[in-house]
Amino acid sequence: MSYNSFGRVFRFTTWGESHGPALGAVVDGCPPGIALSEADIQPFLDKRRPGTSRFTTQRQEPDAVKILSGVFEGRTTGTPISLMIENVDQRSKDYTEVAKAYRPGHADYSYDAKYGFRDYRGGGRSSARETAARVAAGAVARAVIPDVEILAYVVEIGGDAIDRDNFEAAQIAKNPFFCPDEAAAGRWEKLVDEARKAGSSLGAVVECVATGVPAGWGAPLYAKLDSELASAMMSINAVKGVEIGAGFGAARLRGEENADRMRPSVEGSNHPAFLANNAGGVSGGISTGQPVVVRVAFKPTSSILTPVETITRDGEATDIVTKGRHDPCVGIRGAPVVEAMMALVLADQKLLHRAQCG
Amino acid sequence: MSYNSFGRVFRFTTWGESHGPALGAVVDGCPPGIALSEADIQPFLDKRRPGTSRFTTQRQEPDAVKILSGVFEGRTTGTPISLMIENVDQRSKDYTEVAKAYRPGHADYSYDAKYGFRDYRGGGRSSARETAARVAAGAVARAVIPDVEILAYVVEIGGDAIDRDNFEAAQIAKNPFFCPDEAAAGRWEKLVDEARKAGSSLGAVVECVATGVPAGWGAPLYAKLDSELASAMMSINAVKGVEIGAGFGAARLRGEENADRMRPSVEGSNHPAFLANNAGGVSGGISTGQPVVVRVAFKPTSSILTPVETITRDGEATDIVTKGRHDPCVGIRGAPVVEAMMALVLADQKLLHRAQCG
Amino acid sequence: MSYNSFGRVFRFTTWGESHGPALGAVVDGCPPGIALSEADIQPFLDKRRPGTSRFTTQRQEPDAVKILSGVFEGRTTGTPISLMIENVDQRSKDYTEVAKAYRPGHADYSYDAKYGFRDYRGGGRSSARETAARVAAGAVARAVIPDVEILAYVVEIGGDAIDRDNFEAAQIAKNPFFCPDEAAAGRWEKLVDEARKAGSSLGAVVECVATGVPAGWGAPLYAKLDSELASAMMSINAVKGVEIGAGFGAARLRGEENADRMRPSVEGSNHPAFLANNAGGVSGGISTGQPVVVRVAFKPTSSILTPVETITRDGEATDIVTKGRHDPCVGIRGAPVVEAMMALVLADQKLLHRAQCG
Amino acid sequence: MSYNSFGRVFRFTTWGESHGPALGAVVDGCPPGIALSEADIQPFLDKRRPGTSRFTTQRQEPDAVKILSGVFEGRTTGTPISLMIENVDQRSKDYTEVAKAYRPGHADYSYDAKYGFRDYRGGGRSSARETAARVAAGAVARAVIPDVEILAYVVEIGGDAIDRDNFEAAQIAKNPFFCPDEAAAGRWEKLVDEARKAGSSLGAVVECVATGVPAGWGAPLYAKLDSELASAMMSINAVKGVEIGAGFGAARLRGEENADRMRPSVEGSNHPAFLANNAGGVSGGISTGQPVVVRVAFKPTSSILTPVETITRDGEATDIVTKGRHDPCVGIRGAPVVEAMMALVLADQKLLHRAQCG
C-alpha cells in the first residue's frame, strides 16, 4: 500500500515523479510562528542538486522551491506548508528499451509485479529525484529544532574508508564527496572517475551526527527514536543498511566495553558525562543527551552502462544497458538526504515529547 | 511519545512490565475465519522462553498464553485478539541499588530523563520480557501468511561467525543457540560459558529469511517493505543495526556485481529466476519474490556482574554491579523475536497489498 | 477493517466480547507522574454498571477494574496502562435461535455479511458491553485534564424532552435516568416502565457539556475538535446522530442570530465574554473557551420481546423475539459512555495542542 | 494539532489558503490502473464552483484542476496523485478591519488563541475555499467505487423543508439550490434573495444518499462506517450536526418501529429485502447493502453585512461588518462537498474491507 507520508505529529507527504511536471512535499503539523522563507530551504536543495560536479548526474535541475501555503508574513501559520519544485530538465528521450525490459537492481520488476504497469520514464516514482522533496521538507524540520545541529558526511566509498584520525569537519563542504578526510577525498576522486569511465558504479556509507538533542526524546517501543531513524533511513532510495552508534560493531563488544560509563555532569551540561557513545545517543529508544549517530549503507547505483542479463516484460532473456545521466555513486548525494531525514525524525520526536511530557 | 502499537492494518499493541502481574498484546485487524488456538501460539513462546538452558536467564516463566477475545469456535472473528501471559517468577528482591543509580547501557537514565521517574523493577517496560508479547502476536501473524516460511538463526556471537559452508537448517533446533553450523555451536558453548562466568556478556547477529513472499508486497516510499522491517527490528531491545540482503556489504560492491541478474522464470515459478539475491528480496521497497533476508545486530546484555562506573540519581559518582538473572547473550533469545517481527510486518504488508491492488 | 483504537497521541484500544472471559482497554500515550489507582476508575464504571435499577438490564456485573500495567507506586509511568474487567454473569443460555436468524436493528446481518460468521453470544463484539472498557479508559483521560469538568445527562426519552427551565444539575445523580429535570424523571419512570412491560424499547438524547476547556484545543481540518467528537460519539453503540452547540437548530437560524457576539473579557477570565454559545464551544474546529456542548441521539434498544419479521442465515422468512436481559432504553446508560468519550477526545486534544503549540 | 489528512488506506491531504497562490490535495493509496484525467475531476469542481448564480459568492474562480503526479498514460499508477487548483480571483482589498477584530461565528478568535496569529486574508486556511480540494480528491475516490452512486441535495433552507412527496431527482440539477422539490426551489429563491438583500444569511440541511454499497463495508468500533462519515462531514466548514438514517428521529421511535424488518432477498439482489431503512444503511458500523443515508446541518454563513458586536485583538469592544463576496447560504454549495466526503469515506472503506476480508 502506498504510504507517501512520514511522521506522527510533524508529518510530511511527498508526491511527484522523475519526469512529471513537478514534485513536492506537504508538511503538516509544523508549529506556528516560525520564520520561514524559500531562502531558508534553498541552500539545502542546492547541496543535493544534481549537475554540480562530474561525480554526480549531469541532469541540470535548478531545484528552485516555491512555498505555496502555510506561511504568512514570513512566519509559519500552523497549517500545511506546500512546497513545490518544478522539473525542468526531463530530457525527452526514447524509453522504448526501459519500457520493454527490467533493469536489474532497479524497482522495475517489483513495481510491475505490484501495480501491473509502471511509469518507466526515469524510474517514475522510484527515482531518487523524489529525495529533493524530502530535503525541502527537512529544511522546515530544521527550523523546528534550532538548537540541534545535524551533519552528514560520507565515510566510505567503494570500500575505501576515511581515516578517523584525519577527520576535519571543515573539509566536508570543500570537496564534491561530503568527505571529512582530505586524503580520502583525493583517493575517491580517482576511484569514482574510474568507475564512471568503466560504466560501473560504487556504493557508499554515510554517517550522520545530530548534536544538541536533549535527553528524553523518543519512547518505547514501536516509535523508539532509533526505530524511527531506521525506518526513515531505510526509506531512502538505494539504502540497504542502518546502524546506530556502534551498530554491527556492538555485536562484537563485551558488555563491559559496550556500556557507556557515566560520570557526574560537567558544569554547564544538562546531562551526565558519558565516557563513550557506543549507544549512539539512544538508550531504550530514548535520547541520552549524547550526539545521535547513525550510519547508512548505500548500494551502488543500479543504472550502469555495463550490460547486465535481464528479461523483458514478456519473460524473454535479454541484456540491458542503462544509458542516460546517472550518479556514479548515488550515496554521495545521499548525505543531504540523510541529514533531512534526521531532521524530520527529530522534529517529530521533539513535538511528541512535548505532547506527552509537557 | 509512547507508541506501543505497530502495523498499519494488521496491528498489535503490547503492554506490561517485567515485574507486573502480566503482560500481553492486542492484535487488531486480523482476517476472520482463521483457525487459532492457544496451542498454535505456545510453541513460539516456548522457543523464546527463559530458563531452558544455562545460556539464558534462569528466570522460570512458563509463559503460558491465554486468548481472551477475538476467537469463537476455534476461529478468528475479525475483532481484537487479546493475548495475556501472566508473570510468575518475579523474584522479590531488593531493588534499592538499581533504584538509586543508573545501569550504563540500560534505559535507566533515559527513562528517568524523559518521564521523571521509572519502574526500576527488572527494567520495567524496557525489559526484554516485553518481547514475549511480540512473539505471541507474531504467532497470530503467521496464521495470516500460511504460505510464508520464516526462519531466524544466530550467525555470529561475540565476533565468532558461522561458516556458511556448514549451514544446515536442521541444526538450528538442535542447539541452545539457534545456530545452523554445528561446529560454531560447539565453539559458542565455550565462548558464552566463559563470558557468563566472567560476569560479562556477548553480542550477536541474527539472520532471518522469509521464503514464499510473492512479488509485489510493500510499496514506495515511507512504508517500504524494508523500511517497515528496519523499524520493526530496531524496535527490539538491544538491537543496534539492521541490514537487508547484502546490507553494508552492498556498499562495497560495484554496480554490475550488486544488480541481481534476471533470467526467464523457471517452470512452476511465479517470478523470474534471479542469479543472486543481493537485494534481499526487496527492490524499491517492494518484494521481488526472492527470499526476504534481514540481519540484525544485538549488543551484549547490559546487565553484567562486572562493576561499571556510573552515577546516582542525585548525580554522584558510583560503581554498579547488576546482580540478578540475566542472559549472557541476549541475542540468542532474539532469534524467535526477530521471526515474530518478520511475520508481523509481512502479515500487514499482505493485507495492505490486497487493499490497494485487490 | 477492524480499528479498535481511538486517538492520535493519547490513544486507547479496546478488546473483548459480551460473553468472553473478560474485556479491557489499553491506554497508550498517557503522561507520566499522574496519580492513578483502581479507585479512581471504579466510580465511573459504577455509574454505567448494569443491574442497578429496573430501568436497565438485569445482568449482574460487578465491573471491577484491574490495572495490569503502566502504574508504579501509584503514578502513571508513561507506558501502556492495561485495564481489565472480568465478565462474571455470562448467563449460560441457548443461543440456537439467535445463531440461526438475524435480529433486525442489530449488527447480526452486517457482521455475517462482512466476516462470514459471528460470535452470536450476546452480540459478541457488537454488544454495548464493550462500552465498559471505554468508561475505564475515560477515567484515565479525566486524570489528564483535571481542570475540565464533564457532565452528561439525558434530555429526552421516547420523544419526551426535559424542560430547560427545570434544569438542576444536582438532580442528575438522584434518579436512575441521569435526568436534570425532576419532573421529567417522574414522567420517564412511567414511560420506560410501560415500554419495558410492553416488550418494547425507547430512544433517548444525551447532552454532554465540558467546562474548563481553554481556547485553542483542536485544529483544522480533519482532526477538528468537533470532527473528533462526532467520530467518538458516533462510534458508541446505538448512536445515530451527533450535533455540536445549536446543531441542527443552527440550520434554522439567521447569520446574525447564530454568530455568538463577543464582549471584552470579564475580570478573571482567560477568554472573551461571549453573549451566546450557538457554536457549542468550537469555532473552525478549535475550542473558544466556552463550554463544549454535544448532543447525541440513541436509537431504541433493538433487543425487544415484540416479535419482528426477519430471515434466517439460510435466507428463509421467520419472526424473532429477543429474550434475555436488555436495557429498555439503552440511551440511559449511554450518559456515562458519552462522558468517557468526551474525556478521551479532550485529553488527546490537550496533548496535541501542547505538541504543536508548546 | 494540524491534521490535514483524512483516510486510513485511501488517504488525502489538502493544503492552501483562500488568498494564497493555489490550493490542492495529494491523494495517496489509490489503486493502480484506474482511468483518470482532469476531465474526470473538473465536472465535480464545476458543480461547487463559486460565482455561478446570485445565490453564491461572486468570487470568480475557474477552479481548473491540474494533475501533477500519479497518472501515467491516462491511468493511475498507485503512487500519490497531486491535484492543484490555482487561485485566480484573490481580490486585493484592505483587510485592516478583519485583521484587527474578530468576526463572530468565524474561526478568527479561536485560530488566534491557538496559533498566536492568523492569515486573515479571506479566512486563510479556515476558508470554505479549502473544500475545492476535497471535491477534487472526491472525484478520484468516485473512480475507485464505480458501482456506487452518490447524490447529495438540499432538503431545508432557513427552516423551510422540502416536501418528500415532491421529491424528483431530476430536479436537483435544474435549480441553483440542488433542490429535489421544484416548489421548494421556488420558495427558496425568494428566501435567499431576501436574506442576501438584508445583509443576513441562512442555514441549510443537506442529505446525501449512496446506493450500490455492498453489505460488509465498515467495521467495529472506532472506524465504524457511520463514525467515519460523522467525522468526515463534521470536518466540513460550517457543519454543526450529522445524522445517519433516522438520526435524531430514531430517538423518538419505539424498538419495533425502528428495527428495519427483513424479508428474503428478492431475485437478483445480493442482500436481504429490508422493509425500511431507519438504519441508514449501517448496522453495528457495517453497511447492510441498503442505501447509506446521511444528513448534515450547515449553520448560516458567518460573514454578514449586519453589524455584530465583537472585540478587537486588543480586547476592546467594537462592531464588525463583513464586507466582501460571500455565500448567503453556504450550505447550498455544501452539497457537492458532502458528496465528495461520502465518496472519500466509501473508497477508503472498500479498500479496508478488501484488506481484512479479501
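For clarity, chains are labelled A, B, C and D in written order, and residue numbers in each chain start from 1.
Everything that follows uses one rule, which is that contacts are C-beta pairs under 8 Å (C-beta built on N, C-alpha and C of every residue); 3 or more make two chains touch, one makes a residue touch a chain.
In this text, all values refer to a predicted model and were calculated from it rather than measured experimentally.
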| item | value |
| --- | --- |
| Chain pair, A-B or A-C, that carries the greater number of C-beta contacts | A-B |
| Identified repeat of the B-D interface (over half of residue pairs identical), from A-D, C-D or A-C | A-C |
| Between chain B and chain A, distance of the C-alpha-averaged centres to the nearest whole Å | 26 |
| Whole-Å separation of chain centres (CA-atom averages), chain B against chain C | 39 |
| Chain centre separation (chain A, chain C; CA means) in Å | 46 |
| Residue numbers of chain C (touch at least two other chains) | 1-5, 8-9, 14, 29-30, 32, 78-79, 114-116, 125, 219-220, 352, 355-357 |
| Category of the chain touch graph - line, ring, star, complete, other | complete |
| Chain D-touching residues of chain C, taken from the complex the two chains share | 1-6, 8-9, 14, 102-107, 109-111, 113-116, 125-126, 130, 156, 158-159, 195, 200-205, 214-224, 226-235, 237, 240-248, 250-265, 271-272, 275, 278-280, 282-289, 297-304, 306, 308-311, 315-317, 331, 352-353, 355-357 |
| List of chain D residues in touch with chain B within their complex | 8-9, 29-32, 78-79, 219-220, 351-352, 354-358 |
| Of chain C, residues touching chain B in the complex | 1-5, 9, 11, 13-17, 20-24, 26, 28-30, 32-33, 66, 68-70, 72-73, 75, 77-82, 114-119, 121, 124-125 |
